[in-house]
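Chains here go by letter, A, B, C and D, matching the order in which they are written, and residues are numbered from 1 within each.
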Amino acid sequence: MSEGSAAPMAEPTKAGWFGDFGGRFAPEPLMPACLQLEEAFRDAWADPAFHEEFEEVLHSFGGRPTPITVCKRLSEELGITLLLKREDLAHTGSHKINNVIGQALLTKRMGKSKMIAETGAGQHGVASATAAALLGLECTVYMGEVDTQRQALNVFRMELLGATVHPVTSGSRTLKDAVNEAMRTWVAQVDDTHYCLGSVMGPHPFPWMVREFQSILGTEARDQSQAILNDVPDYVVACVGGGSNAAGLFSGFAESRSQLIGVEALGGAAIASGIPGVLHGMMSQILQDEQGQILEAHSISAGLDYPGIGPEHAHLASIGRATYATADDDEVLDALERLSNTEGIIPALEPSHALAWIMREAGKKIPKGSTVLLNMSGRGDKDVAQVREILQAKGRFQ
Amino acid sequence: MSEGSAAPMAEPTKAGWFGDFGGRFAPEPLMPACLQLEEAFRDAWADPAFHEEFEEVLHSFGGRPTPITVCKRLSEELGITLLLKREDLAHTGSHKINNVIGQALLTKRMGKSKMIAETGAGQHGVASATAAALLGLECTVYMGEVDTQRQALNVFRMELLGATVHPVTSGSRTLKDAVNEAMRTWVAQVDDTHYCLGSVMGPHPFPWMVREFQSILGTEARDQSQAILNDVPDYVVACVGGGSNAAGLFSGFAESRSQLIGVEALGGAAIASGIPGVLHGMMSQILQDEQGQILEAHSISAGLDYPGIGPEHAHLASIGRATYATADDDEVLDALERLSNTEGIIPALEPSHALAWIMREAGKKIPKGSTVLLNMSGRGDKDVAQVREILQAKGRFQ
Amino acid sequence: MSRPRLEDRLRERVAAKRKLLIPYVMAGQSEDWLETVQAIADAGADAIEIGLPFSDPIMDGPVIQEAAVLSLERGTTPQSVLNELGRLELDTPLVVMTYFNLVYRAGLDRFAGRLQEVGVTGCIIPDLSLEEFSGWEKAAERVGIDPVLLVAPSTSAERAKAICERSRGFLYAVGRMGVTGERDDASLEVGAVVSKVRPFTSLPVCVGVGVSTPEQAAAVVKVADGAIVGSALVRRLLEGGGPEGAATFIGELRSAIDSVTFDA
Amino acid sequence: MSRPRLEDRLRERVAAKRKLLIPYVMAGQSEDWLETVQAIADAGADAIEIGLPFSDPIMDGPVIQEAAVLSLERGTTPQSVLNELGRLELDTPLVVMTYFNLVYRAGLDRFAGRLQEVGVTGCIIPDLSLEEFSGWEKAAERVGIDPVLLVAPSTSAERAKAICERSRGFLYAVGRMGVTGERDDASLEVGAVVSKVRPFTSLPVCVGVGVSTPEQAAAVVKVADGAIVGSALVRRLLEGGGPEGAATFIGELRSAIDSVTFDA
């Protein structure tokens, strides 16, 4: 079914395979769009003018480069040197903006006037609506009905930005179903519409393209940590939902000696608990039952509640270039609280998973004195209402 | 009572006067603290090591420099060239972080271990709690009880960051009373506590010191707009509550040909509707009744609901170097919506006042073809719940 | 059970100038689903698509999704419905339609073997693209199952040619960009897609996706060799039409199709 | 009305070895506030502070704030209460205490003139710092009003000297860092602040802020020339004590103060 690609995090094969994972499992009506997209992306990505525009928009509009913050107090407490790549400072509050700017520019380049996107908690939806507003594209965001209710404010944000939010009432009415619905819509509107997928998932070229758009953060992080540490970090850690922030970060360190660690939510751990399968156009590790029916992921963090994982991560795990761990909800809340009150940064729940792993393993799997780079993939503002409710229920705040 | 200081936005007089405004109207128990603070600030501000640390923290932690975004779609619609200084991308979501980092570093330098702060909507409170967490200072934030209820999530944010939020039940239970209460507390704890005031107000040296800490944004904006326009902008526009973001911005253009415009909320327009008076330690334009009792400000935007204005703005108005206008709530909502859906930036309600003025005057007071720099002082995330309620009540969204 | 190949059966009928009617039924959707299969066979179906329900059917519209959910809630597994299917003694060819993960999870050869054992002679996997087709192609061929491929209005001529070369059984021409579901006449793009594939294949060309009414079916077979009717039938079953209701509808489709006259 | 200067009156008494008791009343706080003033004068106050309510009293604690709110809600204006005050025929010196904005708004000279007209002989403006004092100093001097200045525990010796040189009437020594309000004994820092100012002034030194009980007042006058009692009295009035209650409390303070014996 595939032959592996050479260096870790090199380009996938022509058919979109990273080792045994990836590919293009899309209904025929979508295949021409995938092929067109691949061609358009290859063309754009080889065009210095596209890079220039992409980087210019990310700079002057998106707030790049984001800094690296060296944690003083928490590092001391943990006995390590902890660096944070501050994607929470990017416009709209997470790394998601990198990808959507790239795809929105590509949408225009392909001569399409509309964008659709799926969203779970709303982060990618808000980012997509933002990029669409900036470039004057029409935008529809598919969001599970359950999520539209949980995240009513994000729905409003998207609407303010001029997007239409389409509540998805099929299946579990959450992220997985939003992807299904977006794909279904794409099938019908592929002529004038680009599907702006939010992570390193889906049929080729999405996993590769999204990683490339996110690689800007890894490149920055590599240069910045070199400047700070005079070396690469010993550990490079990121949370993994679909895996776009991790892929972007890892890409800067794939050929270095850094250990790459992806941290999934315990209740959505496609590497730890999934097996190979095909979902949403890709072969990857997937949470599924014995028959192959897809299971729902359940964690505190909507952004990690995805039963699959980007195929490149499945590949990196299989060849041992990256290691994937999990964090449970309680650890995650502790991590969120601790970073907030020791460093003045309220992290999103997603990167709090990565931090939870670091806090658990500092002095254990992570030897004292190690240098650790954590991708602070987003800010916690979107999560404070939820976290407040949970911590208040635990009697921790009134 | 005073003699004017020379160039616009020069240092105030020794006693803290900007022309006829400013001074130091503080109870005697606070005067030594004000003097100590002035000395500490003068000392720090003359110390390259302090500047270096200040700028380094603002860079690697605060996300500076923030970019300037050139609006394409809105500029075209308005017939001007609109530039946004993107303070919304700074850590915690507004320019407030610049000031609190400066004051928190100064607190340490003075050997004090505690910080108190007042807050209205919570922006300065969150920023103060953030800086305190970063530097390991104890932090108490005074917030009108009415505001703690309206902004429960911001209360939780501050608590997450390790601060104590003290609801103020005196007077109107809003920002003005929070300042009173913070000053009262400061009187009692001045030994080990610094009062981290949130705007260019209060007794000398606060108005000057806060402007100096905020001048980093003006300096950046000047260099950036020079690079973009090859000139200074024709208009330099900022909203004005106490006036810190405006003062910071104006300071970069005070001696240029740029027209400086401050925009107040119609219901809190200290320049348009106030008269000289003394409040919170300063002589300035103040909303007050015939007897001199202070009036409450009322607008859609908690961050602009202050019955006074920084004394330097009163001075700039009196000498005609800056012009102060107002915007009403409806215009502000329109501006917020329009920037969101044409440029993909949801502004806070405060800078939406400045944008509302620009939208109203483009092609009128602002000639077509002008270049206009707007300080995007903060992001709208903190406001979306409120805006949603209002717009839904108007039947504009469901 | 050794059955004639799907392709042979359909070619025969086409050669005999019979226009094909291929209805779709969701396996396990209700207690009496097998009776429904029997009834529509009796009512004049030339082949029957048997949907194996998948949790995430990205090529299906709301009606078939709902049927899939119902079926899964009833405890349907691929194994269970195939076992049931094996109990039918039917002459009408059966074509399974499902998504690739169920096939992959079972194992390609095992899955193909199971189909063969229960008498299924064709299989459609809409999310298995030409690019990823070869594994399944071989597994199916090994046991004589015809793997049916799709061509869409968006498919290029070059690509259509490659697909036509490897499809077996028939060629599934997607009648309209979009997922399964009922549509009004206006939206069908049948002519274009059918004429796109004709130069490249002698396979029967059947049009599915959006064919809902007898009138549409009749229009379809004016240019194509057959019409595939899914959601319109499934909706009737969801509404409680049962085997008789299904038979009536298939009867109507059949007459509409058969009443079409052709020049030359 | 031409009255003796506040400073002369107080110096006389101090010279006569009388310790001073200066209670504080919020003007306009209740219907009978003038009677209260009369009653505490009769009960042995050496001078009376008359608070003019201000919307934003940053030097005052909750009790006096509450009284200010009440008074403002009753429609009190500086003008209205000063007019009322003018009707009193009182020998006890009256000292207005208020915030600078009310003075500034009225106009410094006009305000001083108004005080003089109604027989007030001293004035305390806690938010008017030494640095901003000169305008008011002149206006007050012009009409013979004594402007009283404050020294706090935090005030440096050098600064205390400058303040002492320009205070008139008496020297207001802040007994504790903090705003007005009742405190327990432990927190008073009377000794330090009084001995800080003694070298620089021959004015009577009166201690206020935090002096609440007869015992505290007695302790205060062991080192100072007088005690200023605000919140403790205002609280009694807020609780409905009325003129008699006030008189009783002032009587208790008076006896406590008078019972203090001094060596030498």
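The working rule: a contact is a pair of C-beta atoms (placed from the backbone, for glycine too) under 8 Å apart; a residue touches a chain by one contact, two chains touch by 3 or more.
No experiment lies behind these values; they were computed from the predicted model shown.
Fewest steps needed to get from chain B to chain D, stepping only to touching chains, is 1. Centres computed as Cα averages put chain C at a distance of 97 Å from chain D. Centre-to-centre separation between chain A and chain C, using Cα means, comes to 37 Å.
Here the CA centre of chain A is 67 Å from the CA centre of chain D. The set of touching chain pairs reads A-B, A-C, B-D, using the touch definition from the header.
Touching chain A in their complex are the following residues of chain B: 59-61, 63, 66-70, 72-73, 86, 89-91, 93, 129-134, 136, 152-153, 156-157, 159-162, 336-337, 340-346, 380-381, 384-385, 387-388, 397. By the touch criterion stated above, chain B contacts chain D in their complex at residues 1, 15, 23-33, 170-171, 176-177, 180, 183-184, 187-191, 203, 276-281, 283, 286, 288, 290-294.
Listing the residues of chain C that touch chain A in their complex gives 54-62, 65, 69, 72, 77-79, 99-106, 126-132, 134-135, 149-156, 159, 163, 174, 177-179.
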